[in-house]
Each structure stands twice: as structure tokens, then as C-alpha cells.
Amino acid sequence: MKAIRILFVMVVLSVLMSGCSGVQGTANDGKEIIQVAVSAEVNPPFLRNDENNEPTGYDIEYLKAVDERLPQYEFKYVWGEEESNLIGVGAGKFDMAINWFFSNPEREEKFLYPETPYGYSMTGLIVHKDTNNIESLDDMTDKELAPVSASGGLRSILNAYNEQNDPPIPLTTVDNPSNENNLKRVESGRSDAVFLNITTFEAIQKNLQLDLKVGGIVSKEPVYVVFQPDHEELAEEINHVTEELIEDGTLPELAEKWFGVNFFDDLEDISVEGFQYE
Amino acid sequence: MLTVSNLHKYYGDTHVLKGIDIEVKQGEVLSIVGPSGSGKTTLLRCMNYLEKPSSGQLSINKVDIDAKHVSKKQIHTLRQQSSMVFQQYNLFKNKTALENITEGLMIAKKMPKSEAEEVAESFLKQVGLSERKQAYPNELSGGQQQRVGIARAMAMNPAVLLFDEPTSALDPEIVGDILAIIKDIAKQGMTMVIVTHEIEFARSVSDQVVFMDQGEVVEKGKPADVLVHPSHERTKRFLKRIHQEPDFII
Amino acid sequence: MTFGLSDWINILGQVLDRLPLTLAMLVVSLIFAMLIGIVIAFIRIEKIPVLHQLATVYLSFTRSTPLIVQLFLVYFGIPQLLLTFGIDINHWSRFVFVVITFSLHTGAYLSEVFRSSYLSVGKEQLEAAYSVGMTYPQALRRILIPQAFRVALPNVGNHTIELLKDTALAFTIGIIDIMGQVKLILGNNYGVGMFQIYVAIAVVYWIICILIELVILWIERSQRKKHAGISN
Amino acid sequence: MAGIDLQFALEQVPKILQGVPYTLLVTIVAMIVGLVIGTILAFFRIYRVPVLHQLTVLFVSFFRGTPLIVQLFVFFYGLPMLILSLNDTFQWGLNPDIMSPLVIALIAYSINSASYLTEVVRSAIQSVDKGQLEAAKAVGMTTFQGMYRIILPQAFVTALPNLGNHFIMLIKASALAFTIGIMDVLGISRVIANDGYRFLETYLVAALIYWLLSIIFEIILARIEKRARTFEGRASNTA
């Protein structure tokens, strides 16, 4: 009798565990499917969702251009929050992830980065119109910086700065800080500066017209796609295509379209002072 | 009709039934009396296999069971030979008075619903509760609940009816009514085993009385012998105490 | 930036478009959670060796660790574990993974609800069922479960509401439920109007929760008469 | 499982443990303040105080029916907005940042916790036999004295298992405090993880710490419950 009970439990469990059949790793036309994790913390113009909740933006148009030139692959886009996506790439659930990922030595240890960045992100300190004494992170050690997220590229720059410099910048951490709220804090004098991507600031500024300006550019970060460590071939192929896309003007055109500036050409024009990664 | 032979029951190390032998003939009424803790309720519950005897043989209506090796099916068949009236009534709380009776008829006896209801109504009538048949247990008084309990047990048409102190949870003024109903059933020739504290009732209703103490049958025989002229010292002490009790209460 | 009425209607429309998905997660997870709850309660009541100990560890872990950790373990951990046995479930729909996580989580709580409500019915009811000749399965179906159901109902309602709120976590792995849609809208707005939008989504959850409470109340009322005595 | 760097995980344990005081602070404050508010609200409901009774029902329903994370955000962004608008209306000069994220978290958790505890306290008080209060009055106590000296101590024992469950729930729920910047166990885990994208390792460490905390408190609660129940034990022995 007990055996029957245990059997019953096993059957129920196995029914639970099975559920639905798996999707094949290859599509019908023989193309290999590449699972691309797309960050659900959207940040236009790099990434946003369209009215059907499909991802779009510079990131996606770049990947679509890559996909066109690699007929052996078919990219499939999967939403997920950034932390979850990175765990997923590490665990082998996704082949790659995109979300303007910055590079640093610790991360390169865990993930595979291609050589060529697919774009750049300028980070800067946004200050009140009348503030003239904040130009770099060094000016922030005795000032109040608006809350920053615990994860993401901006946080990494700040963490690295604080590790290498004394005194450190005092940080307040918030999950998904509201950019609007942060900028209004600076406008009303509750904080001295916001550490933000310049493109994000400019897009918000178009809507809100706050009494703010860019106090100083902190860094110009190359942004990358990250791969599972054992996907060297895929990374190599995509790296190659990315170079082509930059050379033949496809990516500069996209940058112009989404950002209004070709950050590939203008690289030398932008003063890259202040803190930088080794 | 019903025989118990050499029945033992242990709770862990405690020996609560020490080799009980009892025989009840067709149509006979057996009362079991004794001080509380003597094991009489346990013995009754063993007859219905609500308690599992540790060893011994049980036989009701030609269904024989040896406690040492017994299957679930045997237990089920044995249970169907008897029906129990509980001290705390134990009506199904989610069923009406009528449903409490039809439930066993439909489920265990596979009787069609209409027929079961007919049977149930006739038994409810017998215990004088026809007008409350749609009431749920919580809407009935203790006496009314016990009447349903008796009707439910009788409706199963068992070979033996078992009563477990059927009046000890009732208000004194109700006790007489319930005892009268039980007496009525006895007159119809039903085989019954009754565990009771009501000595006077046991004397008048029984064909046979068993006096138990400390897990043993001390004395058994005709009510007039056991309850009026007991031969054993323990029985005498018990009866004396019972008769004195009213002085204490008042 | 302030929103006009049409903006609000537009935002609400987008969010409500995702409501069926939230409700689907809720209902499917709840059904499986009940099955798990019944099985685990059974194992614990019957004290089935080995499974009983496993169930205790499972209950302790599920009830003491944050749900997000459990979601990650199911979404990333289990597929990797199975991969070592050569079973690839990585391509299953994410919906399946959240349903597994939520079912296991809520199932742990429900098993305790079921166990205690079963035990609350009392041995006497089972004995009464035996005495009228029923078998255990018959007693279970006709007498014990209907009574336990009534005792369990309010707690099942509470856990359903907790589950509803937990479904908001599904967006972590990219399922765009009502909460996810809110986050996407905010992302596209650069966080503009965060406070107002969060108040609005709170009201949406609140309304669903009140509807759940009404359903529970309705079931309770329809059962009340039969069972009023159980509380005595 | 492949891909998990156990050594890294182990190295992070001391760092992540530094979040335990914050986790406990949020949990314990929310428990105590929530219990005080919950008891007051429970009396509004038991005595059906007009207006306050209905408001309590509304309060409980809202805070139990909406996700905690939404409540945290509403408090985090809403309280400064409230102060700013008060400043505008009354020409006050209050500092909208007077409340640190920690204070806001404590307020939000206490109020959320109160909504759950209102029901726990109410049902516990109502489970105490009515005759107990009548007996207290019969020996000359006022209603308040009877409540305080007789009813509440008995209700506390009835409520203990639910209070314990709620406490364990709060330990886990406190992990969300991170969303508004509290460096609790989960918060520290995420910050550490970010530099090398090692979320799985730190989350596992965090999960084990939460589990351990819960087990410790379950043991403590079992002891308290055993002690609180002594009067029941003696009562049944003498019966």
C-alpha cells in the first residue's frame, strides 16, 4: 500500500515536472537559434519597447543588422531584468545579452566580451545651471550625489572610483532610481549632481526643460554585447560583422538616427578627461 | 451472533484489556458496566475495529477476524455487521439530519437516493424527529442529535447495535427519553451491546450484564445476579459507590 | 511632467492589456499549488518515511528564503541541473518556469493550511463514517474534505492574494505582466511620473484583490448554513 | 551546478553578513510598531468605533491587497512630494529629505505590518472567552484593567503562532527594503555581485543566510511559545 502511495506522489511530481515539450535548438530552416537576453530595464534610445512590447532601439537595430549578415543564425530576443539576464548567460540559458554593458576586468573573467564595442555611452555629471564647481568625480567627494542603482554600468564606474580614491564619493543606493526624480532633486538643490548618461539626460531634458546642464563628462564608455564564455566562435563572428558595420557606415548611420550624433566618428572630439577605466 | 475471545489491547506498555471473553446471542442485549478507566469503552470500540486489538479473535454474524492477521477488506466487512451510537453523537456536521442517515445507506449500501430517504424518514419518525429532518446538527439540541445518531445506526440494519455511553453527554431530563427509545429498540429483538453508567437502565433492559474493572471481566451473568446480588467484592464496592453518588451531587 | 486624461487612459489601457497574463499566472499556479499542497499535506499527515523528511526541508526552505531566490533557482538552476543528466529544458516557455516557482512556493503554504484544516475536522467524524460502513476514501470524499474545505477557505483566500502580489516578480525574468508593463512605461518615460503611475498600479492590484475576496466570501456564504456548527 | 564559483561565494559571506543588522532592524521595528498600531486598530474594529472602524477596514484591505514594493515606492517618492506640497501651501520650510531611506523603509514596513497584525490581534482577542471579561468586572476591574490584565495576556498566547509566522515573513519581506536603498543582506549581495556579474553566487549566500535567520527565530519563537503556554499546561493538569 505504501508503495502505491509513493508511486502516486512520483507520478504527480513527474507530471508537474514535464508539462510542455521543449523547443528545438534549431529553427525549421536549419538556422541555429541564438537566445539574446534583452534588458527589461529599458533605456531609450539604446533600448525601448514598441507598442507590441517588442524590443526596439539602437541595440536591436544593430543586432538585426548583424543577424542579416550571419545567415547561419537566427536571433531570438528574450526580455528579462538585467541581473536575471546575466545569471542566465552565466548559467548557459542565454547565448548572449545586450544592454550597453560596460567592460571591466572582473566581468571579462566571467563573460566573453568581443573586441569591438557596438557603441559608446557618455556618462556625465548633471548639475544645476548655476553650479560651476562640479566637473569631475573628484569634485563629488564632499557633495551629495543623487541616488544611484545598485547594479549597472554607472554603478560600476562609481564603485571603481571609490576603490581607487580616498576619500570616496558618498553613495545612496536605490533600485531603479527615477531619473525624473533625481534631476528634480538637483534642480531644487536637494542633491548637487546626478551621474547619468548624457543621451538619457538630453532626451529627458527635451520633455522637462529643467534648469540643468552637463557639468562635466566623466567617461566615454564603450558598450558591448556579452557572451557565454564558451561561445568564442559566435563572439568572433559577431565581432567581425560589427567591424564591417562600422566601416561601411551602417552603425554610424544608426547612431545618427537614434542619438543625433555619430559617436564612432566624433570619438576624438570629445574631451575624455577625468576618471577612466584601465 | 457476537463473540469476543481472549482479546488483549495494549497502549504502548499499558495493558488495558487483559484477555476478554464475551458471547452475545441473537436478539440478546448485553450491558457493560464498570468504573471509568475499566476499559469498557475500549472493548466496545474494538468490536467495531475503531480501536485495533493487539491480539484475540472477534466474530460478528459469521465474520471472523483474528487480530494478528487481518486485512483492510476484512475490517470493512466486520464494520458493516455492526453500527455504533456515540457518546458525543458524532453526527456529520456538513449533513442534515436526513442526510446523516441516507449517507451510509447510499454510500455503503448502494441504496438509490429515493429509497434511502424513505428508510431514513421512517427511522426519524420512530425517534420522533420527522419535523427536523432538514436541520443541520448545530441546529439541534443534544437529545435531538442523539436521536438522529440512534436512527442513523438503526437504519444501517446491522446485526449488532453498539452503544457507547449514549446518555452521558445529555442533560438529566433528556436521559429518560433516550433510554426509552433504546428500550423500545430492544423490544424489537435487536442484538445490542451497551456501555452505560445507568445501572437501573442496564438492569431493566439487559439479558446479560458484564462488570469490568481494570481491563478484566470481573463478573458476568443475569442482571439480577450481577447488579442486585453481586458475588464479587469489586462489584459490590462499585455498586455501593454508585448508589451513594446522589448524596455527593446534592 | 503632468499627464492629461488621455495619457492616463492610454497608460491604463496598456497595463490592462497585460491583465489576462497576470490572471493566467495566478490561476494556473494556484491549481498546481493546490495539488502540491494536497500531496505534501498527505505525506506529512501519513508521515511517509523519507518523503516526510524531504517535505519538511522543502517547507522550511520555501518559507524562509525570498521568492526571487527561488525563482532564480528554478529558472536557471533546475535546467542546468537537468542538463547534467542530458535533459534540456532551457527552451521551455518562461511561463512554465514562473508557474513552477509560484506553485512550489504557494504549495508549501497551502500544504500547511490543508494539513491543519484536515486535522481540525477531528477523528470522531471519521469514526462516525466508519460506523455507518463507509471506507476511508468514501469518508474522505463525503465527510472529511467538505468539512476541511470550509475551515481552509479563508486561508486559501489569503494565500491567493499573496500569490497575486507575488506574480509581480515574473517581470524579473522578462514576463511582461501588469507590473512589468508599468516598469516598461516608466523606462520609456525615463522615470517621469513614477509616483502617480505606482499609485495607479496599486489601485489595479487592490481591485483584483477585492474581487478575489468577494469570490471567497461568496463561496463561504453558499456553504455557511451547512457548517455553522463547525466553529462550535 | 556548473558556473558557480564556490570559493567566491564563501569569500563574500562576511561581507554579506554585514547586512544582517539592517535586515533585523527593519524586521524588529516593523514587528513592534506594527503590533502597537495593529492592536489599536483591532480595538477600533472590535468595538466598531464609527468612522474609525470603516477606515480600518479600508486600511487593512489596501495594504494587504497591493504589492509591498509598490507601497515602498509610493512612500519613497510620495513622502517628499507631500512635504514639498505642504511647504508650497503653508509656506513652511521643511526639508523634504528629513527622512532618510531607512526611516522611510521603517515607516512603510511598520504600516504594512500593522495591516496584517490588525487581523491577527483582532481574531486572538475575540477568541478569548467572553466570560473572562465578565469575571474580571465581577472582581471589580474596569474594562481597561480587564483587557490589560486578563484578556490581552490570554490573547497573546493564542496569537503567538501567527505572530511567529508574521515575523518570519517580515525577515524575507525586508529584502525588498533594498529597493529604496537599505544595505540589507540582499542589498549588499547585489552590490557585490555587480562588479563581476556574479549574481547567482551572492544570491545563494543570501538565501542561506535568510534560511539560517528564519531557523534561529523559529527556535526562539518555539521557546517563547512553550513558556507562554505554561498556564494552560497547569490548568489541564489540575482539571
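Lettered A, B, C and D in written order, each chain numbered from 1.
Keep in mind that, in the parts below, a contact is a pair of C-beta atoms (placed from the backbone, for glycine too) under 8 Å apart; a residue touches a chain by one contact, two chains touch by 3 or more.
All figures in this text were calculated on a predicted structure; none of them were measured in a lab.
The fewest steps needed to get from chain B to chain D, moving only between touching chains, is 2. Core chain by CA centroid proximity to the global CA centroid: C. Centre-to-centre spacing of chain B and chain C amounts to 46 Å, using the average Cα coordinate of each chain. Centroid to centroid, with C-alpha atoms defining each point, chain A and chain C lie 33 Å apart. Chain A and chain D have Cα centroids separated by 36 Å. Each chain gets a centre from the mean of its Cα atoms; for chain A and chain B, those two points are 79 Å apart.
Multi-chain contact residues of chain A, defined as those touching 2 or more other chains: 83-84, 87, 91-92, 176, 178, 181. Residues of chain C found to touch two or more other chains are 72, 76-77, 80, 194. Going by the touch rule set out above, the chain pairs that meet are A-C, A-D, B-C, C-D. On chain C, the positions that touch chain A within their shared complex are 1, 32, 35-36, 39, 42-43, 46, 48, 51, 72, 75-77, 79-80, 83, 88-94, 96, 100, 103, 171-176, 180-181, 183-184, 186-194. Taken together, the chain A residues at the contact with chain C in this complex read 2, 5-6, 9, 12-13, 16, 19-20, 22-25, 37-38, 40-44, 48-49, 53, 78-81, 83-85, 87-88, 91-93, 176-182, 200, 203-204, 207-208.
Residues 1-3, 61-62, 64-71, 73-74, 77-78, 81, 168, 171-172, 175, 186, 199-200, 203-204, 206-207, 210-211, 213-215 of chain D are the ones that touch chain C when the two sit in their complex.
Of all residues in chain A, those touching chain D in their complex are 83-84, 86-87, 90-92, 104, 106-107, 109-111, 147, 150-152, 155-156, 159-160, 172-176, 178, 181, 188, 190, 226. Across the complex, chain A is touched by residues 1-3, 76-77, 84, 96-97, 101, 178-181, 183, 187, 190-191, 193-200, 203 of chain D.
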